[in-house]
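Sharing a structure here in structure tokens format.
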Amino acid sequence: MNVASSVTAATEPVAPKGVVAASVYADGRRVANIPIEEASNWRTKPGHVVWIGLLEPGMELLTKVQQQFNLHDLAIEDANHAHQRPKIEQYGDALFIVARTAQLVDGNIAFGETHIFVGDGYIVTVRHGASTSYAAVREHCESCPRALSRGEDYILYAILDFIVDNYSPVIETIQQEVETMEELLLETAISRTQIQRLYQLRRDLLRLRNAIGPLVEVCRRLERDDLTMVRTALQPLFRDVTDHVGTVQEQIDSLREVLAFAFEASLLVGQAQETAVSKKLASWLAIIAVPTAFAGIYGMNFEHMPELKWKYGYYVALGAIAAVCLSLFYRFRRAGWL
Amino acid sequence: MNVASSVTAATEPVAPKGVVAASVYADGRRVANIPIEEASNWRTKPGHVVWIGLLEPGMELLTKVQQQFNLHDLAIEDANHAHQRPKIEQYGDALFIVARTAQLVDGNIAFGETHIFVGDGYIVTVRHGASTSYAAVREHCESCPRALSRGEDYILYAILDFIVDNYSPVIETIQQEVETMEELLLETAISRTQIQRLYQLRRDLLRLRNAIGPLVEVCRRLERDDLTMVRTALQPLFRDVTDHVGTVQEQIDSLREVLAFAFEASLLVGQAQETAVSKKLASWLAIIAVPTAFAGIYGMNFEHMPELKWKYGYYVALGAIAAVCLSLFYRFRRAGWL
Amino acid sequence: MNVASSVTAATEPVAPKGVVAASVYADGRRVANIPIEEASNWRTKPGHVVWIGLLEPGMELLTKVQQQFNLHDLAIEDANHAHQRPKIEQYGDALFIVARTAQLVDGNIAFGETHIFVGDGYIVTVRHGASTSYAAVREHCESCPRALSRGEDYILYAILDFIVDNYSPVIETIQQEVETMEELLLETAISRTQIQRLYQLRRDLLRLRNAIGPLVEVCRRLERDDLTMVRTALQPLFRDVTDHVGTVQEQIDSLREVLAFAFEASLLVGQAQETAVSKKLASWLAIIAVPTAFAGIYGMNFEHMPELKWKYGYYVALGAIAAVCLSLFYRFRRAGWL
Amino acid sequence: MNVASSVTAATEPVAPKGVVAASVYADGRRVANIPIEEASNWRTKPGHVVWIGLLEPGMELLTKVQQQFNLHDLAIEDANHAHQRPKIEQYGDALFIVARTAQLVDGNIAFGETHIFVGDGYIVTVRHGASTSYAAVREHCESCPRALSRGEDYILYAILDFIVDNYSPVIETIQQEVETMEELLLETAISRTQIQRLYQLRRDLLRLRNAIGPLVEVCRRLERDDLTMVRTALQPLFRDVTDHVGTVQEQIDSLREVLAFAFEASLLVGQAQETAVSKKLASWLAIIAVPTAFAGIYGMNFEHMPELKWKYGYYVALGAIAAVCLSLFYRFRRAGWL
Amino acid sequence: MNVASSVTAATEPVAPKGVVAASVYADGRRVANIPIEEASNWRTKPGHVVWIGLLEPGMELLTKVQQQFNLHDLAIEDANHAHQRPKIEQYGDALFIVARTAQLVDGNIAFGETHIFVGDGYIVTVRHGASTSYAAVREHCESCPRALSRGEDYILYAILDFIVDNYSPVIETIQQEVETMEELLLETAISRTQIQRLYQLRRDLLRLRNAIGPLVEVCRRLERDDLTMVRTALQPLFRDVTDHVGTVQEQIDSLREVLAFAFEASLLVGQAQETAVSKKLASWLAIIAVPTAFAGIYGMNFEHMPELKWKYGYYVALGAIAAVCLSLFYRFRRAGWL
């Protein structure tokens, strides 16, 4: 087998557009980069796994891959159109898995999809939209040969683990923003920009939940069911991914609930502020109304108004106005209205 | 069989009112358009499928169809009255399926119902209310003969797929409107017209959810159960429809939740605006109260008011008023009240 | 059997208080009106069904009926006290069913209860509170003799169907009122009377849901379980009732949700109106404050106020006041505050 | 057996503190009041049931009882500490049941707990906190000898039935208060006292739901499971209790929902009232602003103001003021602002 | 065995950093403190249990422990990283349990995690973050030798019971704060500080629920499943813990709901206060507007204003002003506006 491997390695092809990588692994080492057309030959060699990575492939390329591994029409059609919900399906002896990926691009969440075909001796990954390259997974697998030799189910685990891991930075960023926001919210009344941000965070979290929610079910089936693809020895690994997904989901749900609390707290803060403004308005109106009313009375043109003749009448009036105003001011202040 | 087919094709009848189409398919080709009365003869010929399409038929017509295929009384009664919930029922060896259809008519959602009877060698579709003609499905089936030859269960799949597909433009339109609205909502306080539109969108989404929700269960039964109608080889097709319905449902639920967020954000925006108006009101009242109070004081008729005798008293008073007003103005502006 | 029937018909008794009807049916015809005491003899005759209809019977009458059909103590106790939740219970070979009925009495919903005992050869209905007489059911059964001959399970179906049918006018009335209300709500701010009506509608719908919710379970058990009472051939009929109940329930839930939307929309409309009032208030205060401030200034008594000496000073002042007021008016109008 | 009974009755003991009653029943009659220490002897006599009633017993007393009936350590520990959730547990051949009781004490709801041990030939009830004495149950059991002879499972039923019955007056009282409140709420804006009451009612209903919710599960297990304690013939009795608990729970849930509606209606009423106040405020301000502005203008000190010289100028001015004020007044009234 | 025990006890090692305790128990007594390296020898001796307590151990230490008991890689990896959700997993014949702990640190809730490995003859506890030392559990176990002799499953029970017990003071503290707050809330309008506290309480309760929620499932599995670790005789103990967790969870849920009620009540109280402020504002404005308008009229400069000439005109005017003001004041007071 070594001979065959080295020979093919010599004829290493240039990957066509849409193909990120197409390699054969055996005994934990990459033994060859191959053209798609040779995949079906390699996958049947005992102990060999073909791993093909595609990035937004055209229908033509997908059809070529389909022929190599005898994939189901419906799965190929799904892989061609993005916008699938996370799911797992068994077509004959092959599994078809859809997962949504999330990434931070310029501070916003960008979503992508990864479609995975796994069968005896092969794994095909199809990436759509925003998603990190699986080169890291590839390197990780190559760096622990014992692991890779375990076959296509281990690679499947490594990819799912990688996808779920990549949710964490997204959620942590949101978490930080939520924490910054909740401090602001409780200190001052909410501004329009903050309402906008609050709204966007809720939408983003909704999208994240939609992306990751059904993935729990996918992982659970991989962990529990007697899927022919997954060896029993690997089931704890998938259980670990399920746990991880569950933790991420709990974080999302907590953040969603926290934002709902924040909304309600904002409403109360806003209401309290409105009342505070009304109280201030009322207080100042009352204070300013006093000199106006007073002055109005002494501005009347009656002929007989003895106070007007008093020598210090004006000063008494000014003093009375000041006294009433000040007394009102202190009363309002004491009552917490000012 | 060819002979028989051509013969009948020669005697092609004129379809009575309520009958959209009544044809026989064999080996993936339409072999004859038939009168209803001959349906029971054709359906028993091996490899032949009778497809009858009705549009808001009268009871008389329904009874004629019932006699041909020996349909259950209750199903016929249901088909006669619209306003059924989506459901699937097995009467003897026949299936009765109800699905709700949705369409955009002049920018509003119009709902319709399709009732489907499927049995050995026949399929009857009954359309009520707003729904697209199944001519497109018919053409699609005729254009891939291999498919049509697969029989009545494939036609059933094609119709359900078509119904679910037709939900997408409706939801996309709503989605666009929601997106336009959420931009507006977060920029300015909500207007009465927008509240009205928000309300209508929520009602429409509620109706859509009611229309499509029970359809999930229908598709799931077709995909999973051992219904005598559906061959195992076709189950992945129905699973595909289930997936599609699930995606549509998730979109509806997301939109519903987004509109709930929009409501809450509107409440906050409205509250913030109310407070802003109150602050502006309070600020201007304070500013305008100053000259009034000032002038009131110097409008008093006391005999001894030395300032009134000052040569520049008037200008000093004007200056003082202006100074206080401006100082208030800048204070309010700095505090964000103006 | 004919002889026996005619003989008994001759000795037709006068029904005591609480007994609406007590008849024997055979071969689809009413063969006799009987006194309660003879019921147990008639029910054992093959092909005969005794149907006794009671209206708020006393304990004495119930005991008499109990003895005839050997009914369970607990069921009789339940039938004596109203205020049961809809349920189905099997006591030995007899079924005990409780259903709630709803009717419009003077525009308000009145609730009643019907308790049904069904066993081999007999059916006893006990009505409490507001409920339509089952005379219509009786007539319907008598008018299709083939049906009646099918026995006590068919009568049970006919009664349940009748009860569920009677929910429809109630719900339609509410639906119309909701539609009238939602138009009003979105046009003007909600009035106290409307809030009151909104509240009552929600209460009524809650009661309706409580009344009809558990009935789904009752119908489902009749449709599915191997209850000894119900022949397999009749199960589609009960499935039909289940469907009907389901549709009614969906209508109720939709109306409940719509009223919740209406509440939220009202809150927004109310908030918008409050803001509109504040804006109007602020605008007019600003406009009216101008002449007051102006006039105040020229009402000051300073000796040296050159403008006061101007020949056209007064007209200039009036003009200035008018100019500022008009300019403010148009600005506010442009800003949508007026 | 009669001899033994009469003998023991002669040696009737004085019950120690914490023991409400300790009696032996046989053939439906109380045959003896016994000291705790003799309980284990009596319970093994065929047809005899020992019923011990304890009220907040100390650990010493509980241990004595435990020894007589060989009760499980954990159950005894639970019975010693109150604050358990309603539950049912089987320890060996004995059942341990916890139920919460509710009572009206001075118009407030007081909660208590009853712990019940049931085993072959004995029943022990332990009461904590507010709860009615089971003397009434005891009397009821003694008054229908046939019933009591049915053994410890019947007594268990009688106690549970009594507990559930005692919820009804509590709920009826709340229901009346809710009904009184909803009338008030919809007539005038809610007062602080009413908000307080509304809040307390919601808390009380929450507590009631917590108390009674898990009891459904307890009753259901008694009704359905093959618990060795309960004879099949008694299962309908327990089913009856389950029904009763279900009805109580439905009432609680309805009241909870009604109070939620009341909250929302109050919010709308409050908002409407706030707007009404704003409108009134705005109207009166406008009306009062007119004479002020008018008078201000004719209070200016311009030398050339021809109107001031007119003979009837003053009356014209007063008339104009009155005219404008009245016209405003009627306009506001027509618009519903006043 | 005694010999061996005393020998080892003589060579008692100094525990390395991260090791809180490492002891062997037999027959209910601590027979030796051992170095980690000897653990695997001791655990295989019949009747001996090794209990190792670690506090935030490094990977090196964990690896050492792993080797002794042959623990699964994934479980060790989990134990190394905190932030796991409560869970229970079986790896081969060993159980891995994660529980979250809660403690009050300076009045705030601090969360920690405890990871437990249990296998035949050993138990390893790993503490992360805030958590009480298990010294108390250790002492409790040592003080009832009979219990400890029951083995590692009893220790597991004791630890879980201890963890759940430690939730109670946390919840009681929150409960007291909630009760204090609800009194305040219903008396005066909510202040910003109170809103902040309300928000924090809701967040804390959310965290508590997240911490304790999944623990119910863990306990239930220990109580029910045929886990090889737990002897049947101990299952009632674990059922007791489940009950306890359930009670704690109910308390948390009740508090959460009560805080939601408090939010709604606050909203109503705030709204009522806002309206009260508006009413006061309106009342005072009306009262103060009267002298202003009056005085304005008699401040006009018409030449012919007979009242101005009256001798007591001024006093009549003052009296009229006072009369109207007082009458307004009493009217507003009667209407509850002042």
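Letters are used for the chains, namely A, B, C, D and E, taken in the order the chains are written, and counting of residues starts over at 1 for each.
Note that in this section a residue touches a chain if its C-beta (ideal position, glycine included) is under 8 Å from a C-beta of that chain, and two chains touch if they have at least 3 such contacts.
Predicted, not measured: the structure shown is a model, and the values here were computed from it.
Both chain A and chain D are touched by E. Chain B and chain D have CA centres that are 44 Å apart. A straight line joining the Cα centres of chain A and chain E is 27 Å long. The multi-chain contact residues of chain B, meaning those touching 2 or more other chains, are 267, 271, 274, 278, 281, 285, 292, 296, 299-301, 305. Remark: ring traversal beginning at chain A, heading first to chain E, gives the chain order A, E, D, C, B. Listing the residues of chain B that touch chain A in their complex gives 182, 186-187, 236-237, 239-240, 243, 246-247, 250, 254, 257-258, 261-262, 264-265, 267-269, 271-272, 274-275, 278-279, 281-282, 285-286, 289-290, 292-293, 296-297, 299-305. Every residue of chain A that touches chain B in the complex is listed here, in rising order: 72, 74, 78, 83-85, 87, 89, 91, 189-192, 195-196, 198-199, 202-203, 206-207, 210, 263, 266-267, 270-271, 273-274, 277-278, 280-281, 284-285, 288, 291-292, 294-296, 298-301, 305, 307-314, 317-318, 321.
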